[in-house]
Amino acid sequence: MNNETFEPTIIGFTCNWCSYRASDLAGTARMKYAPNVRLIRLMCSGRLDPTFVLRALSEGADGVMITGCHPGECHYIEQNYKALRRYLLLKRVLAGMGIEPGRVKLVWASAAEGAKFAAETTLFVEEIRKLGPLNWGRADSGPQTVDREVPSTVHNPSSEMEVPA
Amino acid sequence: MTERVGVYVCHCGSNIAGTVDVVDVANWAAEKLGRQGVIIAREYKFMCSSLGQELIEKDIKELGLTRVVVAACSPHLHEKTFRTAAKNAGLNPYLVELASIREQVSWVHSDKAVATAKAKAVVSGAVSRVIENRPLEEIKVPINPNTLVVGGGIAGIQSALEIANAGFHVYLVEREPSIGGHMAQFDKTFPTLDCSACILTPRMVEAGTHPNITLLTWSEVTNVAGYVGNFHVTIKKKARFINEELCTGCGICQEKCPKKVIDDVYEAGLGYRKAVYTPFAQAVPNFPVMDKENCTYFIKGTCKACEKFCPTGAIDFNQQDEMLHIDVGNIVLATGYDLFDARRVSNYGYGRLPNVFTSLEFERLSNAAGPTSGNIVLRDGKTTPKSVGVIHCVGSRDKNFNNYCSVICCMQGLKFAHLVHERTGATVYNFYIDMRTAYKAYDEFYQRVLEEGTLFVRGKVAEVTNAARNEREKGKLIIQVEDTLAGKQRRIPVDMVILSSGLQPRKDAKEVGKMFGISCSMDGWFTEKHPKLDPVSTMTEGIYIVGCAQGPKDIPSSVAQGAAASARVLDKILQKEVALEPIKASVNKEMCSGCRICNGLCPFNAIAFIEDDKVTEINPALCQGCGTCVAACPAGAISGTGFSNEQIIAQIDGLLLRNLEVQEAV
Amino acid sequence: MNKYLLYPGCSMDSSAKAYMESLNSIVEPLDLHLEEIEDWNCCGATEYLGINLIPAYSLIARNLALAAKQTSDTRTVVAPCSACYLNLAKADYYMQERPTLGAKVNEALAAGGLEYKAGTLDVRHLIDVLVYDVGLDAIRKAVIHPLSGLKVVPYMGCMLPRPDYQHRWSDHEHPTELDDLLRALGADVIDYPLTTSCCGGHMTQIGPETAFELIHRLVSDADERGAQMMVTVCPMCQMNIDAYQNEMNHFFGTNFHMPILFFTQLMGLAFGRKPNEVGIGVELVSARNALAHIGVEVPVTEEPAAPRKKDEGLPMPRRWTKHEGKKEAVK
Amino acid sequence: MTAKPKFAMYWAASCGGCEIAVLNTHEKILDVDANFDVVFWPVAMDAKYKDVEAMEDGSILLTLFNGGIRNDENEHIAKLLRQKSKILVAFGSCACEGCIPGLANLSPVGDIVHTAFNTLTTDNPNEVYPRTSYDVPEGELHIPTLSRMVRPLEQVVDVDYFMPGCPPESHQIAAVIDLVIKVVKGEAELPPKGSVIGCGDSTVCDECPRARNVKFIKEFKRIQDIAPIDPTLCLLEQGVPCNGPATRSGCNARCPQAGAQCIGCYGPADGVLDYGARLITAFSSVIDANTPEEIDHILDGIPDPTGQVYRFNLAGSLLKANREAWKVVNGK
């Protein structure tokens, strides 16, 4: 797919107290930004279970944006640091799964930073657009299809892709 | 069981309908999300109107809806409205979800097709999520009627008195030996020029003698546990080395004490006190404290002059710090401000050039009870200045220091100009960036000072120097400034410079905030729940902030906030119990392995390890619902209500429209 | 051992020869090891950056690239000249801050087979490493002839403390490193409010009246405060005050005689070097009379506690320290 | 006398350890023989696929299926046994979640073959690769074809029960055999379909005797780099990335008891969607640092994070395989 016409689908996780309010503020101020991010409200970035990111990526998201309060400003005192620690380990694991580090991004945005939220969203969408679609497990059909649909690679003996056991 | 879901798409006039094809969204939901349980999808002009709400209530009753999705504005605006509507119709309020298609869609996107598509995805996410919602009940906890007020400045005093007068008990804790705060240091207060002591002292005495107030000075809060209605507070009552039972406050100990110490607090470094002292004559309580660091006996082991002369034998060198444990239902923080350290603006020469003074120094200089008995003199202690420059915005509205406006400095600068003029007849210059004299009778005061002949120069002072360039400047302090009204550089030689220093958060504001479970803004002031509509509450229920702890403000505003917080506290006390959001984490004991990974994660101490059972438990009353432990539990043994894994996973799938594909594949 | 890469800069070889000589005289007592950057070139001084940005930055960065390439067990580049220091620090900072600039500069460097990854070196001024690495204690220990009785004004110049990319100085408007160092040598340091005022720079060439005005301010204020000499850290300042003082006197009809020496020259004297070993005698406004005040007959004493006048009036606030400033800045 | 119920056991992509574990039940194996008619168990007795194909659907009461699905033969037999069995148990880590063979999902299948047949350790000068079919005078010969990735049994057929472990602990196998015999005799009931059996409800820490406290880790280390290791204190607390907190209990904390960290063979606890995610959050939760630099420095102590958190579970995780393994690579 041509990356310039590619419209990424992105899941965004927001903290109820800062970034979700920042998105509200961006709305109230009618700031226009890229429509590709679909938000999920959590109470805190500390609630972010890496499972959510993996699920989003495996179910069709091209990128995941995680947002939280600035370091030191967490509504729950310090839980955003815990999100940061998880995020950094998750990125390492994702790298091992062949996922570009840029597909999952942590952004700090306070409740007052509607403009920042809008700008960061648009920026992230552009970054993902450059990376192209992720299409986890579906670009080339999932493993079920490999066998069920009998792709040439497996059953066509003349194929160069023949990979016998 | 299949849930019966109703979807309601709001036009919000043209706010949503102008950008999102709401009819299409509703039709799409009815058609595509039918298999998930959507049995009705409607659109309506204003869902939040009473007619809109009735529509939902009617459907709940008549169609037997078990779940409701309202696609409208942000949940922060109307979640409560629609939850109440559901409750009225007999549906558990937590079975309602809002899909924000205004703040997140119509207001921020322009292309109608794109916006409509996104709105559908947002609705789909909400439908998937709401199916996983579970009925929740609000948690009610009783309120302890006692209140803790931290900080005995005017805001704290006011707050304590209001609550005490209403008949409830207050613990008023103050770090210094006496209550009174910064206001006790002032001579006059703007704009009325009332004598500060005259209006403050009666309040201090009232607080000191009120039967409902336990006054704890020379004391600090060291630990706070618990939650709204049920805080457990530890207070360190520092040793005074004075037996309060025996002390009569006669003052002989201070008189006899041979050790003179520069008083950095009350006299702002401009005067002296003794090693045993009451900071000022009207101190409340009137018991002195012994300053261990400077007391000759504590340093060298001999002296005890105070003990020899004390007529009642109240000196007790063996006194120890005492830890008090109290239970309170609400806490008011009135911890005040620190003065901006003017030495940081080195180009104004404070600390280098003797005749540059800070605002607090000048307050003491002009105070009849101050070190010069109210004579405004230079640092040599005798010369009366003939010309004085007052520099505004020192450390405020300055990218190098603090970006914010310190609010009080303009009026304070005008007050200084007036006092200098009145007492010395000196020529006074005020250097300002903008004149900010909002509020009642403030601008009139400005006019008055103008008429008195004070000269105003608009411009930020570049430097104060004693490097004279000509005879006229010799021996003077030269203020170099760009006069932006005249459009020229000026060098104005004066005898004295007063820096109208800004206000800063207390040095330890961050740690204090952490202890009480509240956050600070970027600038370091405590963060209020809502800057306009809820300025004295915080995000932590039961903790209120008043006075300068919340941000720079003058005396009238501090007093107003003190009273406002008391009203909030009384409101809580009179409700007798408080409802907590049922967003809580809980541990499945069967699954908990006691690995203790979650144990270090909770800043609210809600997580406790039960040694006997080797499992972890969460105290629902302490739990604030952030969900960090839920996300952290490696065994998946912790679940969270309101934001469960099932809800969020379903919402992810819904937002990605995976719910449709799965169904269509069926 | 304190080891550094030295960027001497052009003036150290010519107009500020005395600076270089005196620097050489203090390396041994302070156990300083200065390794000259091989094949260094001019930093472009104060003008070139204003004329042609990329070549100017490339000119500076070439020195950084050479320094980074040089096999050495230090990553700190020391420049004794304030203008050189400012240029090197500026290039290092902006190449990092503006990646496009960094890329272009590196493109230019590549033509010469060089490259510089911004941020890999520490760029510091000589007085910075003397005060903060060597330390005032070590300097105090090396003093054989304290400069007691010599009344000096410390003149830092305008280029050193601002804009202070790496937060190295105690204060931008009134830094006290030079004061502290001279005090450590035993000199009577006079508070000099103009310590960071401009000496006129190259205005001596472009608009001499302006330069004379600025030089006059500096010299007359130092004189007014009873200074016997000015002490500087910057070749440009030294040259303007020294070489143009006569003309300035002529212009204003004044008769100032205010010698100005490099701080390293006074360090050398205090460490027991002879005047001719530290380049004294070549200055145009002779320091002979001033230095007579610290003739050999002055006995070596422990550094006396600063005589404090009895407080008659109100106490002064405590002195501002760098340490305190750092704490404030953290917030 | 009514015929004994039929029993089958099969190995797909696995190492054979599961079979050994069954034999390790000692005399309990005799109960199997006493109570069941063993109809198909390639490792223990001779049998032909066509014999199974000839059986009536649902005629085998219990099939223990170990190994993941790596090729078309595995898949064929999985489907066949599903069809013929009343109760199909994914037996052992490979069948449950891919196990060590599942780590192959980190590489495209072409790379795997290439590695096997044409690297330094293989003497293959003519670059001869095996082919799936070959004409010989007697006719066309077939060998199984690799599928693109290893799949747990559940991703191929409907599974009734899961029995984790690499291999399942013998005492747990014995308990399950006992239970099935009781069910056959009508003395007990089967657990709900989909249950994970032969294990505990919690995670390894539950059975681990090491002392545990609140953990703050400044450095992760490999166990061999810690000297001396405290034999009584939680390994994670000592900086060893032990998978115990996230790994289902049932093994009696065998590895930590023996002084080695848990590597996670019993897989995730109940209701967990992704085992690796649980470990990511477990390890990151104990890190005692707040700046990205410090945190990254601490994380450097886990040299292979993906392998660490997915050693047994990769094929059963949400992402299932490395992105490269998902792709059909054209040409090699």
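We call the chains A, B, C and D, going by the order they appear; numbering starts again at 1 in every chain.
Quick note on the criterion: a contact is a pair of C-beta atoms (placed from the backbone, for glycine too) under 8 Å apart; a residue touches a chain by one contact, two chains touch by 3 or more.
Small disclaimer: the values here were computed from a predicted structure and weren't measured.
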Each chain counted as touching chain C and chain D at once = B
So which chain is the furthest away from chain D, centre to centre on CA atoms?
-> C
Determine which of the two chain pairs, A-D or B-C, is joined by the larger number of C-beta pairs in contact.
-> A-D
In whole angstrom, the CA-centroid distance of chain A from chain D equals 29
Mind checking the centre-to-centre distance between chain B and chain C? Centres are C-alpha means, answer in whole Å.
-> 46
Cα centroid separation, chain B vs chain D, in Å, comes to 55
When centres are defined as mean Cα positions, the distance from chain A to chain B in whole Å is 35
Flagged in chain D as touching 2+ other chains are 273, 278, 281, 285
Which residues of chain B are in contact with two or more other chains?
-> 601, 631-632, 645, 649
Listed in rising order, chain C residues that touch 2 or more other chains are none
If each protein chain is taken as a node and each touching pair as an edge, is the resulting graph a line, ring, star, complete or other?
-> other
Just spell out which pairs of chains touch, all of them.
-> A-B, A-D, B-C, B-D
For chain D, which residues are in contact with chain B within the complex?
-> 201-206, 212-216, 234, 236, 244-246, 249, 268-273, 278-279, 281-282, 285-286
Any idea which chain C residues touch chain B in the complex?
-> 171-174, 191, 193-194, 197, 217, 220-221, 224, 312-320, 324-325, 328, 331
Residues of chain B that touch chain A when the two form their complex = 74-76, 100, 102-105, 107-111, 114-115, 118, 121-122, 125, 510, 514, 517, 519-522, 539, 583, 601, 603-604, 624-628, 630-632, 640, 642-643, 645, 648-649, 651-653, 655-658
Chain D contact footprint on chain B (complex, rising order) | 590-601, 609, 614, 631-637, 645, 649
Chain B residues within the chain C interface of the complex = 262, 269-271, 341, 343-347, 349-354, 371-372, 378-382, 463, 465-469, 474, 524
